[in-house]
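Before I ask anything, here is the structure I am working with.
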Amino acid sequence: MSNQKAKKWLPYILTAPSLVIVLVFVVYPISSSVLRSFRNRETGSFTFEHYQYFLTDPLQRANILYTLEIVLWTILFTIVASYFLAIYLRFSKSRISKWMGMLTLLPRFIPGMVAVYSVILVIRDSGVLNRVGLLFGQEWKLGWMFNEKGIILMNLWFSIPFATLIIFAALSGIQDSIIESAKDVGASKWQIFRSMILPLSYKDGIVATTFIFLGNVGSFTTPFLMGGNSPKMLGIALYDQFNSYMDYERAAALSVIMFLICSFSAVVYIYTNLKEQEWEKGR
Amino acid sequence: MEEKIKVQINNLAKIYPNGDGVKNVNLEIKEGEILTLLGPSGCGKTTILRALGGFLDVTEGSILINNEEVTHLPPEKRPTGMVFQSYNLWPHMTVEENLSFGMKLRKISKNEIKRDIEKMLAIMSMSGSEKKYPNQLSGGQQQRIAIARSLLLKPAVLLMDEPFSALDAKIRMQMREELKRIQAELNITVVFVTHDQEEAMSLSHRIVVMEKGLVAQVGTPTEIYDNPESKYVASFIGEMNFLELEGEQVAFRPEDVLICKQDEGEHIGVIQSVMLLGHYASITINTGKHLVKAFIPRNKTQNIQEKQTVSFTLNKSITYKKGA
Amino acid sequence: MIETEFNKAANSPIANPKNSLWISLKEGIQSFGKGLNLRRFYHAVGKKKFWEFIIFSVFLLFFYGPLLNTFILAFANTYQFPAVVPQEFGFQWWEFVLSQNSLVESIATSFLLAIITTVVALLVCLPSAYAIARYNFKGRKLFMFSFLLSNAFPKIGLYTAIGIIFYRFNLMGTIAGVVIIHLINSMLFMIWLPAGAFRNVHRQQEEAARDVGASPMRTFVQITLPLAAPGIAVASMYTFLGSLEEAQGTLLVGFPEINTMATSMYGVILDYPATAGAVFALILILPSILIIMLFRKHLVPTEIGKSMSGK
Amino acid sequence: GEESKEVVTLWAGGSDNVRIAMESVTDAFNNSEYGDKYELELEYILSGSGTQGLRDRLLAATKAGETETDYDLILLSDSEYTSYVAEGGEDILTPVDFDKVPNAARLKSSVAVGEDYIVPYRGTTVVLAYNSDTVLTPPQTSEELYQWIKDNPGRFAYNTPGSGGAGSAFVTTSVYNFMPEEALTSQDAAWKEEWTQGFELLEELHPHLYQSGGSVVYPNKNQGTLDLLANQEVDIVPAWADMVIQQIGQGTLPESIKISQITPSFTGNIDAMGMPAIGGDKDGAHAVMDFMLSEEAQGILLDEMAAIPLIDASNLESENSVLLEGLDVSSFRVTSLGTLGTELNEKWDQEIAPLQ
Amino acid sequence: MEEKIKVQINNLAKIYPNGDGVKNVNLEIKEGEILTLLGPSGCGKTTILRALGGFLDVTEGSILINNEEVTHLPPEKRPTGMVFQSYNLWPHMTVEENLSFGMKLRKISKNEIKRDIEKMLAIMSMSGSEKKYPNQLSGGQQQRIAIARSLLLKPAVLLMDEPFSALDAKIRMQMREELKRIQAELNITVVFVTHDQEEAMSLSHRIVVMEKGLVAQVGTPTEIYDNPESKYVASFIGEMNFLELEGEQVAFRPEDVLICKQDEGEHIGVIQSVMLLGHYASITINTGKHLVKAFIPRNKTQNIQEKQTVSFTLNKSITYKKGA
């Protein structure tokens, strides 16, 4: 009997160390930040003023919208491109596709700063692209630096390989015979995508989307090195609060706002992940 | 059965980059027959079937269905229907959606679809399962729906790639009979692939025995069982004993071994094992040089025990040259 | 104006020998453009291959073009507008970068930190991963998602809040403090990936070991762990490389006492011209390349993709 | 032996070129005769890295009541001194015992504030850096500069004031040129009222500045504008004199880049050393201060970061001396705005940055 | 065979949280016998086997092996050896390492281990495969090594959970014979689980037929084949026809159907299908109310054609009450 009891507690004992770390170094600091975000700087009394500031100040609101805009475009482009790539990787049997499969793995391991730096050297107005253009007598000033275009491009550099990997893994779980039988009954490529591939893999698409969302809302390095002066992405706005204005209460409030935005996406993720549809049960 | 030719395969070859594949395949498949491709793993059965279905580019030769060349058409443009070994159904669609998917693509009216599905489910003894998802069906039921899905589109030829091999023995048996019944009822042409000779024997009108990418023999089950043209075919279809006698190979079936009283038989051996297999028993006799397998009806097993010495004669045998 | 500048340079009879390289490059590209008749290519290789080639080229250019460019620049002494290829190659910036003793020190610190982080992460996370994979305990999903949620809070905000705790425990500017930061960054994948790996170890294989007389602990060490090793190795690699590249948190809680390659890179990127940054980028990327070579057998795209989605 | 040496910790912060120079000075100190007795260690806080700045760290430690810290010696500019005192009180630094810093006698210039508490060791100022190939006659006055900017749209850039001193100097002088000179060294919030005119000017200049992708861009960090200059995307930028000179020497800025000062000049700084009261080893700190004013140390600073020497430079041989010619430390405009500086930046962020 | 009791299961019950499981299991397993647990999927076979091996906490009852109570011992402390359906071997170890792992734990000397392994591999006809990794072996070979691994530890009882069901039909047959041979050679006690009645019939000394968590019948293959105690057992073992006659259920085996000339038989029907199954044929006769299956030897099929009307008598039959 004691054996059984031990078994019941074993999983909790095993998870305890990581749980403690999460509680002490993640949950606790986050909670104290949340508290702080409601505190007046001087008096220490309860206040909504910091939230009010971010939600009413036109500049700060522009920052929030700007961030969301960048994230949404990033996700849109990423998902389209990743599906395209993943489908190619899944269904092409050529050697090139094997190579590409391997090559999609690597960007994950490239230090972010190096990647941003490298891309800047290519796309800035005096970058490699324009220099090559000049070889042909063309001015290729892309004008992608210091605005959302560069940030989105850079985000794509990071997120396409990542999303492709996840979707590719999902597509690998789809049996050939599912696709072949659809072909057999006369479905076109688009119909196969819409009726077979998409419904069988959309959950993983959402997983990828969530991670991209989380990663981009608070991203710092990319907008710091590539972004313009205004509006700013929230990661930079937050950094300003700490670094330039040293307003820790406002910073906490902005953190919480960003957290809420991210949680929205995390909740979508958790919801789709927990909800098993009828056809998935018992698999 | 009319002798109309439904499918004609002329000198078909499909060689994979690694050199494997099939070649010199010439076949005529008649309307309303079940033709089985039979052979061990890797002999190229699936390759031929997939070439018929349009899932492969053939290296050489041509395929005609209903006298029309289809060699280079994609699957969706061919009048064929395919049933795979497993994972046939689309797991995210109900039975009804599975069945109607192809029909909708053909712009068949809703009413007609509904009527056809009902009728087909009745034929398959699956009425009432429209709203179920594949994972709520047993393996056998899933395969029935898969067959139904293909049949609803009225294919000229139904292609089946080991459709029952993932099923339990009992259900497999049942499905075979079912398939025979449906095939007879609808008079469809079926190309069936299996590596199970019993399955091939029990449901085919004709069998194509394959060996390493080539056709070894084509014939009705009886023809092939009684007159295997080579040692390979002989050993593959049914059980076969081989004895080496005077430089020749004598082949005979276990049921043609007649166990005699005392020393009346031609050959003598010791009974090594007796295995009861339901209505008959399989007996292994060790003649010293060979192991001979014999089938005897259950009711004659009383007197037979392991380690007993017996003699036997052969009812019937075939002789092959060595090395054939 | 710029164009004439460029033509002048290119046509000048006393063309700077440094420039000859990019002149020949220019000619190469132009003749390539002429010779490569896309249409002819299309018909020569067929539609499918043609598109495959196009996709692959775009893919390579987008993902690897910039990195390659950076590599080249690392060996440039002079790289001034509008040259495509550096006017002068050499190791000037390598000398500059490597002559700073603080850098050598930061490399050592980086590796020390990465090793400690990886080991601690393994010790802390593997048991959790195993529990998630093998037991269906109450709160399992919640536990898994808690790591996701902790990723939803902005990193900078989190680090700053952690900083307050660190001050209290005197962890500011210490190795232990930085390790904790790196640890919480890596926990998500360090639990999810090995959990996937453990799940792929068939229960029968563990049970067979128990059956022949191995204790639970021995079974874990000798059967489960080796079988899950590829997945664990990949996760460790993530942690290791992640720790090497982490800069933001290290700066906030470890700087200036703890100096790593990544924090140095920050300064270099911000305060130096491209060529110096390129050297640093190359140095920073070297461990990644080495480790990827080492582990390439275990880097199965589908497997990694699957575990990253928490399956 | 090694163990008997007293360890002196020097805390500093700023751009990376300063770090490199200070590391060289540190090595030199440890190899000098002082090195027999003391061992100097450098803790360097890179600016713009998001980490807590030196001032905040020191204030936090002071307020926490710590006494035995390793803040033996810090580097701070005379303008920063004001804010240290404003928040930490007069006695945050220990007064300097000039008897223990004999080299101080050689100083040619002095600090504007806190003479008893800090010892200056180098000067630096913001200047105009321009491409002499395209700008034949650089603007001489601020008015000329503003006119040049309007005449040559897209060819001038300054970095965001929050991200580096060059941009900050441009913004500060543009605003304070309309105000009495004493405002530059005052932390009185009343002066904020008079910023309007300056901001109108900045707004007026805005559309004529460097553009990328169809809109005006203010680069980040001092290096950001220098990159634009190096890549011929702009022709004139405000920049720290030391950075420009150093990079011309390294070959990362083409030799066509020149510097010049305008009048009224951009703001500059005198950087100094101070001993926090909560630090330890005072004798060691004095030794380091003395060493910093030696010819050896001043030479290193001049060589490695083109710092303007504060002692008689005639004995110092350096390529950089030539380039620094004409930059007179004594005529530097010093700012000391304290928290007003932060507010200025914030106002800029809110009014100028969002302009289309 | 001595009648020594090796394993005793007393009133065993294992109920899973969801209510499924087994109960009221009482069994005595004799030394040196192959006892098979037979039943359809989900009837609790694996549950009993895992309870024997120590992989489950039982809800009630006790298990004695060699007269010693083992009910609450963990697997590593029980004198049992288990062979699973698949994934038996440790893929990161060679065959030799797989085999020696458990022996090393028992501190057996290196020499002895080496000798034992060699001998065991010889018995398994696998000599020379010591250095191979599992993925270099075929499925059948892997299962042999798995059996070898268990046997090397000389378990009191060898537990086998559908060990051959993942294998090909041909290899499955071969493995059965192999197992019988080895079992006889070493005189070990085996508890074998399968859902394949043919497998159970062919290799067991005794069969335990299970139904929904309960034991339905225990007996030798012949006993169970000839005298199934319930309709359930009858229909599960071998083929069985059921006719409803005068309110009673008459059950008879297909081989007990005797096809008669003209109208001599007791029953009349139309032949619906003839399936050739190698050495015999399976005939389905439609009596109007029932479908009756009959097996007849191949050599008697000449005169029989589909759609022909025939009569038949029953050699032998069993009668069940309705609802039994």
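In order of appearance the chains are A, B, C, D and E, and numbering begins at 1 in each one.
What we mean here is this: contacts are C-beta pairs under 8 Å (C-beta built on N, C-alpha and C of every residue); 3 or more make two chains touch, one makes a residue touch a chain.
Worth saying up front: this structure is predicted, and the values here are computed from it rather than measured.
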{"item": "Set of chains whose contacts include both subunit D and subunit A", "value": "C"}
{"item": "Smallest count of steps, each to a touching chain, taking subunit D to subunit E", "value": "2"}
{"item": "From subunit E, the most remote chain by mean C-alpha position", "value": "D"}
{"item": "Subunit B and subunit D: spacing of chain centres that average the CA atoms, whole Å", "value": "88"}
{"item": "Distance from subunit D to subunit C - Cα centre to Cα centre, in angstrom", "value": "35"}
{"item": "Computed distance of Cα centres, subunit C from subunit A, in Å", "value": "17"}
{"item": "Whole-Å gap between the CA centroids of subunit B and subunit C", "value": "54"}
{"item": "Sequence positions of subunit D contacting 2 or more other chains", "value": "48, 50, 220, 231-232"}
{"item": "Shared interface positions of subunit C, touching two or more other chains", "value": "2, 81-82, 156, 247-248, 266, 274"}
{"item": "Set of subunit B residues in contact with two or more other chains", "value": "none"}
{"item": "Complex contacts: residues of subunit A adjacent to subunit D", "value": "59, 62, 124-126, 141-147, 149, 224-225, 228-231, 239-240, 242-246"}
{"item": "List of subunit C residues in touch with subunit A within their complex", "value": "2-3, 6, 25-26, 29-30, 52-53, 55-56, 59-60, 62-67, 69-70, 73, 81-84, 123-125, 127-128, 130-132, 134-135, 137, 140-141, 143, 145-158, 160-162, 164-165, 180, 183-184, 187, 191, 237-238, 241, 244-245, 247-248, 262, 265-266, 269, 274, 277-278, 281, 284-285, 288, 291-292, 296, 299, 301-306, 308-310"}
{"item": "Touching residues (chain side subunit E, partner subunit C) in the complex", "value": "53-55, 74-76, 80-82, 84-92, 101-102, 105-106, 146, 149-150, 153"}
{"item": "Footprint of subunit E on subunit B - complex, ascending", "value": "41, 168-169, 176-177, 180-181, 195-198, 201-203, 221-222, 225, 237-239, 253-255, 273, 275-280, 282, 284, 295, 297-298"}
{"item": "Interfacial residue positions of subunit D with respect to subunit C in the complex", "value": "11, 15-17, 19-20, 23, 43-46, 48-52, 60, 220-223, 226-227, 230-232, 247, 250-254"}
